[in-house]
Amino acid sequence: MSPSLDSYVLLSAALFAIGFLGVLVRRNTLVIYMCLELMLVASTLALVAFSRFNGTEAGDVFVFFILTVAAAEVAVGLAIIVALFRARQTVQVDELDLLKK
Amino acid sequence: MTPTAAALAVLLLPLASAATITLFLGRRPQGAATLSVVTAFLVAALALWLAFSGARFSQSWEWLRLGSFSVGVGIKFDDLAALMLSVVGVIGLCVHVFSLGYMAGDPGRARYFGGLSIFMFSMVGIVLADNLFMMFIFWELVGFSSYFLINHWRERQSAADASKKAFIVNRVGDFGFLLGIILCYWANGTVSLGTVGQTPPVVFSRLIPLLLFCGAVGKSAQLPLQIWLPDAMEGPTPVSALIHAATMVAAGIYMLCRVDFLMVGQARQVIAWVGALTALYAALCAITHRDIKKVLAYSTISQLGYMVAAFGLGSVGAAMFHLTTHAFFKALLFLGAGSVILGCHHEQDIFRLGGLRRRMPLTFWTFTVAVAAITGVPFLAGFFSKDAILALSYERSGAIFTVLALTAVLTAFYMLRLWKIVFLGEPRSEAASHSHESGVSVTAPLVLLAALSLVGGYWRAYPGGFGGVFSLIPEAEGAARAVVLATSIAVLLVGAGAALSFYRCDGDDSLKVGFPSLFGLLSVARTSFDTAYDYYVAKVQQRLAMVLNFIDIVGLAGVVVRGLAGATEIVGFGIRALHTGRLSSYVYWFLGGVVILWAYAAGVL
Amino acid sequence: MEQIAFASIAAFTLACALGVVLAKNTVNGAMCLLLCLAGVAGLFIQLHAYLLAFLLVLVYAGAVVALFLFIIMLLGAHGGQPWRFRAFQAFAGVVAAALLITGLDMISLRGKTDAGPPVAGAGVGSSLKLYADQLFTTYLLPVEVMGFLLLVAMLGVIVLSRRPTEGEATE
Amino acid sequence: MSTTAFDPLLIAVVAPLALAATIALGAPKKWVVRLAYAGFGIPALMALLVWWRFGGEPREAHGFAFLSSYSTGLERFGIGLKLGLNGISLAMFVLAGLVGLAAGLYAIQSGAERLKTYLLLLLVMQAGLMGMFASVDIFFFYFFHELALIPTFIMVGIWGGRDRSYAAMTMTIYLTAGAMLSLLGLIAIYVKSGASSFDLLVLRDALASRPLGETLQRHVFGLLLFGFGILVSLWPFHSWAPLGYGAAPSSAAMLHAGVLKKFGLYGLIQIALPLLPFGAVHWSHPLALVAGVGNVLVIGLVTMAQRDLKQMVGYSSVMHMGYAFLGIAAGTAMGVGGVVLLMFGHGLSVALLFLLSTSVHRRTQTFDMGQMGGLAQGAPVLAALFLLATFASVGLPGFANFWGELSIFVSLWGFSHALTVVALTGTVVSAVYGLRAAARVFYGPQSDALARVVAGNAPRDMAWAEKAPALLLAAALLFVGLWPRSLSTGINQALQEAPAAVAEYR
Amino acid sequence: MDPSNLQELAAGNTWTAIWPELSLGCLALLLLVLETLLPRFIHGKIQTFSIAGQVFILAALLLDLHTPYHESFNGLLVQSSAGQAMRVFFLLSSIMVSLLARASLWKHRVSKVEFHHIVLVVSAAMMLLVQSRNFVMLFVSLETVTVGLYILVSYYRSSARTLEAGLKYLVMGSLSSGLLLFGIVLLYGVAGSASLPGRSSDAMQYDELARFLAANPHNFLAAAGIALVLSGVAFKIGAFPFQIWIPDVYQGAPTPVTALLAVASKAAGFVVLLGLVGEAFAPYAWLVVPILTFMAAATILFGNLAALKQHNVKRLIGLSGVSHAGFILLAVVSVPRVPMAVGAVYFYLFAYLIASFAVFGVMTVLAGHDDSEQEIGDYSGLSRESPFLAGVLACGLGSLAGIPPFVGFMGKLFVFVAAFKAGHYGLLLVAIAGVVISIYYYFGWIRAAYFNDEPLASPEIARRARDGAGRLLAIALAALAASSIVFGLYQGPLGAWVSLR
């Protein structure tokens, strides 16, 4: 017997939650960014599972777009982090508080 | 000229004169004076013509309508109005003419004559008014003219204070007056004197007459609102003669007579007692005063008390009769005093005058006639009218009769004190010793008024007749007649004798020297009302105002408004502080948001 | 059999995901991410989405994670910063975890899909042909937009990571 | 509904705006004053013209005459610029024209700094005022009010006296709050009437045949009452008024206290009473109590305690608004008509008082009455006018205010006996502070402080340029005071419907 | 899938329907081409060229305003008059942003053409975004917008503040994208579920999804998905509690980008929200309306209260923008019950566009090299130095504050009427409180510009105020100020057109 759809969804949700948790608790920009990627991947997992179990097509196509977007986002995001590191010599978000109040 | 047109002319001529003076003659005092006097002459002539031609009519125009509420302007010209109008016209003319001499050289003459014209307009308005609203309107306007004229010498602090006091005290009285009118309106649906008088009026309580009486209390300076009248002597003396002796203050009596049909027994009783007590109290006050005009002012209050008492005892005739004669001799007294003041370079302290008999003979003789008239020397004007009132009171109420008789003693006492100290003896000051009689414009009115004071009591001789009024004069019969006559002669002798024998013509008040404690007591009694009111104004009213002001500014505008603003700002600061600038804290906001939304979607919230 | 495979891959994936969050050393974190992605690719295969599994490995593992590692090295940021827990942060983290787990529970317990077994036949994710058909007909517009997106991203990276030119104001 | 070729109402609204725009777009300097004369003169002329013609004009729906409408592209929304006057709005329209002209003339001769901007803002305000009362569409009624309100804030902020910044801010926030609440009330009427129109005539027809539910009327009237009440300085929401007027430049204070403030009362009379008669009855008792005790009695006493002349005038204006609220609470044609007359009279007299206070300040360099005295000797005309204005505001017969107060007092007895007594007490109180102020400023000997300020030179009396606006106001006060039928006939006609509707619920 | 079917599907791609987006894309590409072809010294002119091109497209668009409601691209997009309106909206905003950028970029040594390129692409993507009726399309265009904005926000890469803003926007934006995506996935999954009634084979389509939701009015997974999607959109529009990033990012971002974020990006978010509330999630009004009601109230209060004590103008305008989002939400929550609320949203957006760009224009002109540090105090005495700029500022702020005769007032009026019709009385009271509070800070700003007698805070600002805007920008600002009054007085075309639906 194959695993149920629910178990895939649960797994995906767990991955999503772990990603979110990482964004919450980590202070290193790079790690935060990795966690954000994790959240996207979690979504794709659910998407593929749904497509498979429901027999619908759009989900699979969507994954392609998500992956592409993620790649572009990572490129831009890392560029920003690099630029920021150049300006501030740090990747710790706690030290980024020029803008407040 | 139809009577209506004439009446309208009487009403509007002074207004036109006032307007012309205000607009065009402000810089031409001579022109203003002339215009004003001519107007006064025309008014007097037309008034007398109207009164004696026997024309009696009423007519009314709607002036304002809002829904069911309508205010009319109209003329009700009956015997009562005719009598009052004649008095106003004659006295007004005398005073205008007198003013020509008295005010000569005053820089504010134009303003003064403008004020007189406004006053004439307002006074005539009261007289002619055919409904209570209209009467109230002119009632207020005479108050304003009085204010304006008392304040004539505006650089004087005392004049400014006195005028303010006069208006405000009158306003207090008018408070009741207007309330009474409003009640009357709601009770009867109208305040037209004609309509309310014809159908049996609805007087649902003693309240209406008593409230209307409040107006008279203020205007006629009855207890406890009498305080303004002595102060009002700050105005020029002719003004005192016209407004604060002969006409305006008597308007209270006139008004009461106008609304006679609204009176009920218990209200009359109150009114009679107020009048009697005022008469007595004012007479007592007059004894100790040194200022010639203020003595006369207290005398006026006292005589007005007589009239009010007469009305309260139920006789419109007696009240109006005394009003008429009083107008003659009191105007004469004031104008005489004016003549003295003018002759003595504005010296008003009687103990600094003296010996004017020889230097100002005409003034002396006319003044003597007036004193005789007011003290009730037989066959002069005052004798008849005062007798009528005494007779009335004898008939109706022994207590009031006693009070009034006592007042008569005092009247004779203080009037002769005044007369003796001012005119007899030797001059006691530079001013008095250089005194002189003034010109014809000053003396002519004196003579005219003296004549009227001599003959004014023979009411049956009045041409044209004011039967509607004078037929109501009560006459004592039989034994009562003798008692009253005896009393009046007795009081005259007692009072006059005491004064003549007691006072010496020197620079000091004999009473003060002889009986200092009595003098002190009377002085305290005189000033007690002012003291009480001053205490109220300064310590109660003003403090209350300050406290409320404090609450308004500190409590409301400060604590509540600024406090609310401040609280908002503190919240603002607090929320601003939420922007910590830390990314990690912002992520928690997202978490919070998602959790709230999830919770709601799941039905937890 | 499939159940066991799923369970083991799922456990592995979750563990690696946790590793990303917990790893002290950033490089280790990136490696965990890589393994996690491999796990997900495995799950894709189990779901018959072979093409997508391939894409995932190619794009993510091959490009993204490599890029991450590259940057970590470039910035020298791999020296694991110690976990700096403050009481408040720890508390907030626990609360956050609790809330997320509650949310998950609710999704899994109340949101049962009651789906039957997978629909027979392979989805579009399994073959390149089907996939391309979709992409170049129905979804042609998004693909075109995606082109612009990539162009923009490329320009952005160039603009942002170019060294500040001479005279450009710095703080 | 015809759009006549010559529409005096439209001209009165557009002329000041157009001239303001001309000035803004850079009219030559020497033309600015001339344009301003025209900008204030034309509305006043138009106002007098419609006043003259009003009696003979045919009445269209609900007693309105001079009706005309213009499209602004929102017909589908039920909004259109519709102008017209009934007896009530006629009175206010004339008031706005006259006070506007006086304020304008006074501003022109004031020599204010940045005079061009000052006149420009005043012109905008003037247009708003004229439009406010000429609008039959209640959206535009509100719109024009705001149009006039904004310049007020700016003028207080720029040309104000001491504390101007705080005063302007307080005023802005208070009045915005009031305006927003009333806007909500107006929207409520718009939506709930089912007419989907802001046209007052349409609304009246719609609600006459199908009145709103009683609960709804209660709530909506409450909204309007509080909104308008704040704008009219209903106690205890009055704090802005003395503060704002104390700081405002004279012309702005004249226009605001004299005309703009009447917006709320006018709205209650023209909109709330006819459309929400049950609400009016429901709220009348609390309203009367607050207005009687709070505005008349408490503020009356507070006014007595003022030393600052301008603040005193400000407080006295708050107090007189209490009478107006009392008249509205009474809800009869007598009371409401009285309110309209009072608005007219008060508008003129308070404007005159503000004008003269500034003239006094110009001579004494202070508003502190404790330091003044004896000004009448040097400036008799100023003194006379001030006395006139004081007596007008005290309610002396012969001035327009008197008729208003009298009608209100008489009508009030039918509503509440106790409050009539309270209100009448106010007449004494106002006499006390009014005369006290006049005495302190003008009479008695010249004070030492004043002597120091003028340093030996006798203060000069008013020149013609300064006198003319004051005389204009005084003349209007006297005219209506002596001939109240010139307004009351129209007002009475306009009050055929609303009080009857109110009476039905009472 | 047989080839004929493919042909048919390919034929569904009616490219002419999206000619404005295509033209913008081409223009963007053309810019890059010109940059490589033309010599360096006339690169500055490329900016002007870009603006001219946009104006040209705008003109063409204005000739083709009325479009019947129809689908294109196999249902991925929907064209309508409202869509046309939003195209105009985004074009106007991108023209303004280009103008502002032209005035701002020269103060920084950064590549200019790329900036314009990205602005154009982002605008085109926004146009597509608001026409999307399919979640795939929605996500793709949304991400294009977002990625573009990541770059633009961090564009002044030498400024630590700008980069910090960029990073914050990046993280928060990615997080919200993640939430949105997961929500979409959940919806897609549950709607395709074979065991539920109304199963949809293509739940990425709005109408399909709506049909499914209507058949399953209380599905938990769908509700959770909707909640997540709303969270993602709330980030875009800056609704509570997803607004917290706004002041920081607005402050750090280059001013033209701040304007783009504040106006266009927010407007796009709202139109997406309208589509969701009005179409896709319509059967779930029981869920959406309370959530948005709560958001609206909290957003209005939070935005206004936070702005109360704010002195940095960019943060202030950001927070005031938050409160405006609350007001628009007020109209959005009324949409399920009152159809005219849609018109109110559009009108408000246009009013907001006019007002905001007037203010941003003045801000840009006065900004120095580091434009993140502008304080209200810096504006004191502006009316003396430059009446023109002060006037434009006053028109903008007056309109934002919502006072007549400015167009912002009409916007508020429509929103209030809509909310009243829908019966959101409590919200209206909150909104009124918000308006009153907002008066305080807008007034404070105007007060600084007009009432203060002191000269401008620094000679540099005074010089910039005197120099004024460049000619093009000045014309644009004058037009904005004028239109803020004209549309306040006479709504004719705008009113009729916006309420066409």
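Points to keep in mind about this one:
When the chains are written out, they are named A, B, C, D and E in that same order, and each has its own residue count from 1.
FYI, contacts are C-beta pairs under 8 Å (C-beta built on N, C-alpha and C of every residue); 3 or more make two chains touch, one makes a residue touch a chain.
All values reported here derive from a predicted model rather than from experimental measurement.
Chain D has its Cα centroid nearest to the centroid of all protein Cα atoms in the structure.
The largest tally of C-beta contacts between two chains is found for A-C.
Using mean Cα coordinates as chain centres, the one most removed from chain A is B.
Chain centre most remote from that of chain E: B (centre = mean of CA atoms). The distance from the centre of chain C to the centre of chain D, each centre being the mean of the chain's C-alpha atoms, comes to 69 Å.
Note on chain placement: the centre of chain A and the centre of chain D lie 64 Å apart, centres being C-alpha means. In whole angstrom, the spacing between the mean C-alpha positions of chain A and chain B is 96. Rounded to whole angstrom units, the spacing between the C-alpha centres of chain B and chain E is 77.
Residue positions of chain C touching 2 or more other chains: 89, 92, 96, 100, 103, 106-107, 110-111, 113, 115-116, 119, 138-139, 142, 146, 149, 152-153, 156, 160, 170-171. Counting partner chains per residue, chain B has residues 576, 579, 581, 583-584, 587-588, 591, 594, 598, 602 touching two or more of them. Annotation for chain A: residues 5, 9, 19-20, 23-24, 27, 32-33, 49, 51, 54-55, 57, 59, 61, 65, 69, 72-73, 76, 80-81, 83, 87, 93, 96, 98-100 touch two or more other chains.
Every pair of chains in contact is given here: A-B, A-C, A-E, B-C, B-D, B-E, C-E, D-E.
Residues of chain C that touch chain B in their complex: 89, 92, 96, 99-100, 103, 106, 110. For chain D in complex with chain E, the touching residues are 71-74, 76-77, 139, 142-143, 146-147, 149-150, 153-154, 157-158, 164-165, 168-169, 172-173, 176-177, 180-181, 183-184, 187-188, 190-191. The touching residues of chain E, when paired with chain D in their complex, are 398, 403-405, 409, 413-414, 416-417, 420-421, 428-429, 432, 435-436, 439-440, 443-444, 446-447, 450-451, 489-496, 499.
Interface residues of chain C, counted against chain E in their complex, comprise 106-107, 110-111, 113-116, 119, 130, 133, 136-142, 145-146, 148-149, 151-153, 155-156, 158-160, 162, 164-165, 167-171. Interface of chain E with chain B (complex): residues 167-168, 171-172, 175-176, 179, 220, 223-224, 226-228, 230-231, 234-235, 240-242, 244-245, 247-248, 287, 290-291, 302, 305-310, 315, 437.
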